[in-house]
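The two complexes that follow have chain A in common; it is paired with chain B in the first and with chain C in the second.
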Partner chain A sequence: MNTTSSLSIVRNQLFSFVRKEFYHVLRDKKVLLILFGMPIVQVLLFGFVLSNEVKDTRIIVIDVARDEASRQLITKLGASCYFKIDHISTNENEIEPTFKKGKIKAAIVFPLNFQHDLQHGNSAQVQIITDGTDVNAANTINGYIMSIIQDFSLESNPLQKVSYRIVPEVRMLYNPQLLGAPNFVPGVMAMVLMLVCVMMTAVAIVKEKEMGTMEVLLVSPMRPLLVIISKAVPYLLLSFVNLSVIILLSVYVLNVPVKGSIVLLLSLSALFIITCLSLGILISIQTDSQQAAMFASLIGMLLPTIMLSGFMFPIENMPWPLQLISNIAPSRWYYIIVKDVMIKGAGFSSVWRETLILVGMTIALLAISMKKFKIRLA
Partner chain B sequence: MSTLTVLLRKEFKQIFRNKTILAISFVAPVVQFLVLPLAANFEIKNINLAIVDHDRSSTSQKLVSQITGSGFFKLVDYSSSFKQAYHLIETDEADLILEIPLDMERNLIRENSAKVFIAVNAINGTKAVIGGNYLNAIIAETNKNILTELMPDVNLNQEIDLATAYWFNPKLNYKISIIPGILAVLVTMIGGFLSALNIVKEKESGTIEQINVTPIRKIDFILGKLIPFWILAMIVFTIGLTLAYLIYDIVPQGNLLVLYSFISVYLLAVLGFGLLISTYCNTQQEAMFLAFFFVMIFILMGGLFTSIDSMPEWAKMITKINPVNYMINVMRLVVLKGSGFRDILPDFAIVLIMAFVLNGWAVLNYRKTS
Partner chain C sequence: MDPTNKILSIQTEKLTKRFGDFTAVNEITLDVKKGEIFGFLGANGAGKTTAMRMLCGLSTPTAGKAVIAGYDVYKGTEQIKKRIGYMSQKFSLYEDLTILENVSFFGGIYGMTSSQLKIKSEALITQLGLQNETKKLVGSLPLGWKQKLAFSVAVLHQPEIVFLDEPTGGVDPVTRRQFWDLIYDASDSGITVFVTTHYLDEAEYCNRISIMVDGGIAALDTPSNLKKKFATESMDDVFYELARGAKRTGD
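And now, the complex of A and B:
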């Protein structure tokens, strides 16, 4: 048998195996629906539902003063889009029970003689009580209340307007409208690719072990390693479809354009997909049951992706052991690549280091898989 | 009743024999509970600032020392080149640039006002806003100092004195704020995933046929699946609460009985949801993905990481049928604010209804004939 014909036999074998895997994937309608529904739902959730802004925060106003000044200030607070006044009361004892019902996030108290104090140069006091159980919201809410009250005091006190002052002019780079999207689109990409490539691949391979059909595949004339590789091919294509869906959604629905080169973005994504697939293959070799494979990829891979890639939580805030661990999460590097290329428009020169790390990880994962791979199951 | 006891014994045996799953359902939450609060730190600190000072006057010096003295910022660069500072933003080494233009001091004295420019890397919106706010506040403070220096007669006291207090977490400790929520998420994940995978596993391995040919009633079968996981999840929750006390020093402010009565009903709802998924699926893969899909949406929309108030109206309607939302809310109320049973009564009632609907649905949807 000459080499060309044996090569074409291998190609035919590989082709029919890949086709078999495609049937597996495409026949399971529920899984397919979720695979395509998940990125869409996530992009829409992050794009339109989840935001760190403060809007319509419910507050309670305790107006003991009940004078012109306090009334003006209350109107001003209620008119801003940040706050919704739950109700106005004169009884300070109402604050705690209302907090305990979880109805409000802040309380503002105007003490007696508020207007009198304000006009006669004694500093008039206003008390702001914020619910500290949600720290960042508490900070922001407090900041907004303070700036509204300071605005008011500036307006009611014309003398302060004439003064020497340095005026800061703020410019927001990359993301002038302060949208959440530029921050999370790279994260969603990393998460979905991880899910499809690692979890799906691992489970699909282990399933054949669990059902006993793996034995059948391994005794076929196909090389065992090619059996595994042909299992990964459909997921490679699926993740490319998912990737395109996310990029299209982010460009046309969320208005987050791809600033850098799309070819660079796609080719580095391909690299990350291959890293994930090799991880999935490694997990499938190491585990024997679907449940174990699922939990290993879920807890070992997906949670670190969410927690340690810097997408949800800032890495610089973590204690150093966690920062160290975050280095071995492939998604961390992919997240940086996507952020640089897609959002900032950087070229290959600024992400070559991350690329190199991903290449190294892929080679290492594949090498371990090859070494651990056994042709016999039992 | 005896059918149920036999079923329960069978389920417990299966749980205890499968060491991997048992280990995962105890070790994973414990590890996460130790790691997540450390990782999930949104506290904005270490804001890296690059200052470009073209002015190099005494006023600019004053501003710079005021900023570096505030403790909010880490000065990573002080130069006269905007290009250099911008490069630091590009490489993520700086978050903010403060540019002090030439003649800032002169303009300030001649024209009463001078401009400085702040450029913020706004990809991370929260950090950008908070960093910018800090910088603005410091500049306002500097303004006041300049004013008292140049016009000593002006009475600055004519302004409103703001007294701020943060209740239930006066030092704004981030861990206190996040741990009850994380515990809620963990219990939900364990309960939801394990129960979703359970019935479907019997379907996949074919053992469900053996049960279907026996006179076991549908409700007994579902209860037999429900109770072991309920106990398991309760234990996980108790471990979590103990760890919260031992490691993070968080003691529930409210009544433990109130807390546990809510949790027990909540877990019924979550497990019912998992079992419902299980009855609809035929393979573990399907069940896992379906469970993951919903649990992920529930958790993201649960109000732990972002506030529900800021969501659009249609999304607020969805959160009303999201059990995780009630759980996170009640955990914060009872554990941190010390709310009593009457305060959480609305949440309790809704979750109770959910538990009945979901489990009832699961019983109805479980068919003994395929």
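And now, the complex of A and C:
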């Protein structure tokens, strides 16, 4: 047989297979829901519900001092977009019941003689009480109140002559408003792509084994490698749709722009998608039932993505065995890439190491898959 | 063994498959003529499926020779795959695809062009009387229809040999009879049929049968000769006589 006609046969096979695969996907409502519902829900969920931004946080003020200085500071707190003053009281006993009702996240207490201390002793005290059950939020709120107070003390006493006073000026680069979205968008991207590519591909291939159709495919003249590739192609395309949905949502709904090159972001995402597809293929070769494939994908891939990629919990704070394990989670590297390219606007020169790691992982995964696949065929 | 033999579709000589210490298929030697309907019988665990997988190129033999459709099983699997059809004991069409979609998918992976496919699928649908059902999902068809459709798809590309692995499992007798009509049609058009079955009445429909016991071929002849040899009126007796001596128990 000459090469042109065998090429056209391969093209024919690929086309028929990919078309069939799309029928499977488009006719399964559950799959459609996971594919397109999930990324939207995730982005919106993380964007609006799970954010730890400080915005309109309700606070209670216990103003025992009731003097000019305390009133000024209270006005300044209330005027910022970060806090809403629930109410002002003079009774400290009100703090706890109000906390317990869940109405407030912080309380500020101005003791007696606040203004007097400020003007004469130079060391007026303010008590800040936050809800320690939510440590992250408490810390953030604390920081915001502190900076407002610091501002205030500088303004109110600009001529104050204090030697050796260090005022740190804190700037959060790339995310100055400490918004939640720039932090989680890369994480959600890693998570959704991981889920779609690893789990969907693994389940789709194992389903053919379970139904007995895989055997029919292997008896056909279609090369086994081509069977696997055509099985993965639709998910590659669908992942791109997903990726675009997430990026569009984050740009237009969450106002997180793509700072770096969109081409770089998309091509490195394609690399990550291929890494995930190889992982899905490996899982599908190693398992024989859809349940097992799904379980392996969820436990083996999705959990590490959430736990070990640095998206939810900082890797630096983990015990060293977990830090070591986090190295083999592809999503860890992709997370860094997206953060650098999309949020910081970095170029390829700053993510080439991560890119290389992903390329290496993909090659290794594909090599292992090919080997296992051949063993199973024999 | 002569690969250029135009009369024989399947030739094996001492074909053997071992998994570690276990010899699943032990030195089987058989010839199947072109257009013949060859029944491949044996109890569960006798080695039928393993033998068939070797003949289809799904599994590499440990020892022995085999020539399928003129090609060596060791070197010519790609050529063999183009010239055989296969229908497995698990139902093997896609339930969430329509009849026409299934037909064009399998035609496509066998490399048929769309014009070839159009002619073939029209003929297939007319033969099965499915003109009004082409847009129905295969999952909604009764089992008998599915089996007939699966067989027709397996011979869609006009293979030289079609391998059927227990094709009529769970089908009622009337549909089984209709299924065998399809097999005869295929055989008449020159397709060699290699079929495994558990139904001994079906064995009678075959031109010749072999009965496997413990990985080896215990008997190979026409059904009437076998009955004569064992001095009995029914294939059941022949089968039980041979299978009783089996050392392996079914899976």
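Simple rule for what comes next: the second predicted complex is superposed on the first by the 229 of 378 C-alpha atoms of A that agree within 3 Å, B and C clash if a C-alpha of one lies under 4 Å from a C-alpha of the other, contacts with A are read in each partner's own complex, and residues count from 1 in each chain.
Please note the rule applied: a residue touches a chain if its C-beta (ideal position, glycine included) is under 8 Å from a C-beta of that chain, and two chains touch if they have at least 3 such contacts.
Only a predicted model underlies this, so the values are computations on that prediction, with no experimental measurement involved.
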Contact-wise, after the overlay, does A:D134 reach chain B, chain C, both or neither (first, second, both, neither)?
first
Once chain A of both complexes is superposed, is A:I9 in touch with chain B (first), chain C (second), both, or neither?
second
Tell me which partner touches more residues of chain A in the superposed arrangement, chain B or chain C.
B
Is A:D28 in contact with chain B, with chain C, with both, or with neither (first, second, both, neither)?
both
Touching partner for A:L218 - first (chain B), second (chain C), both, neither:
second
Give one of first, second, both or neither to describe whether A:L322 is in contact with chain B, with chain C, with both, or with none.
first
Looking at A:V18 after the superposition, I want to know if it touches chain B, chain C, both of them or none. Which is it: first, second, both, neither?
neither
Across the two complexes, find the residues of chain A that touch chain B and also touch chain C.
28
Flag every residue of chain A that touches chain C in the complex, lowest number first.
9, 12-13, 15-17, 19-20, 23-24, 27-28, 211-213, 215-222, 377-378
Spell out the residues on chain A that touch chain B in their complex, using ranges where they run on.
28, 30-31, 34-35, 37-38, 41-42, 45, 48-58, 97, 99-102, 105, 118, 121-140, 142-143, 146, 149-150, 152-154, 157, 159-160, 162-176, 178-180, 182-183, 195, 203-204, 207, 289-292, 294-295, 298-299, 303, 307-308, 312-314, 316-319, 322, 339, 343-344, 346, 350
In their shared complex, chain A is touched by residues of chain B numbered 20-21, 24, 28, 32, 35-36, 38-46, 59, 63, 89-91, 104, 108-109, 112-130, 132-133, 135-136, 139, 142-143, 146-147, 150-151, 154-155, 157-170, 172-174, 176-177, 193, 197, 201, 281, 283-286, 288-290, 292-293, 296-297, 300-301, 305-307, 309-312, 315, 329, 332-333, 336-340, 343
Which part of chain C faces chain A closely enough to touch in the complex?
56-60, 78, 81-82, 84, 86-94, 96-97, 101, 104-113, 163
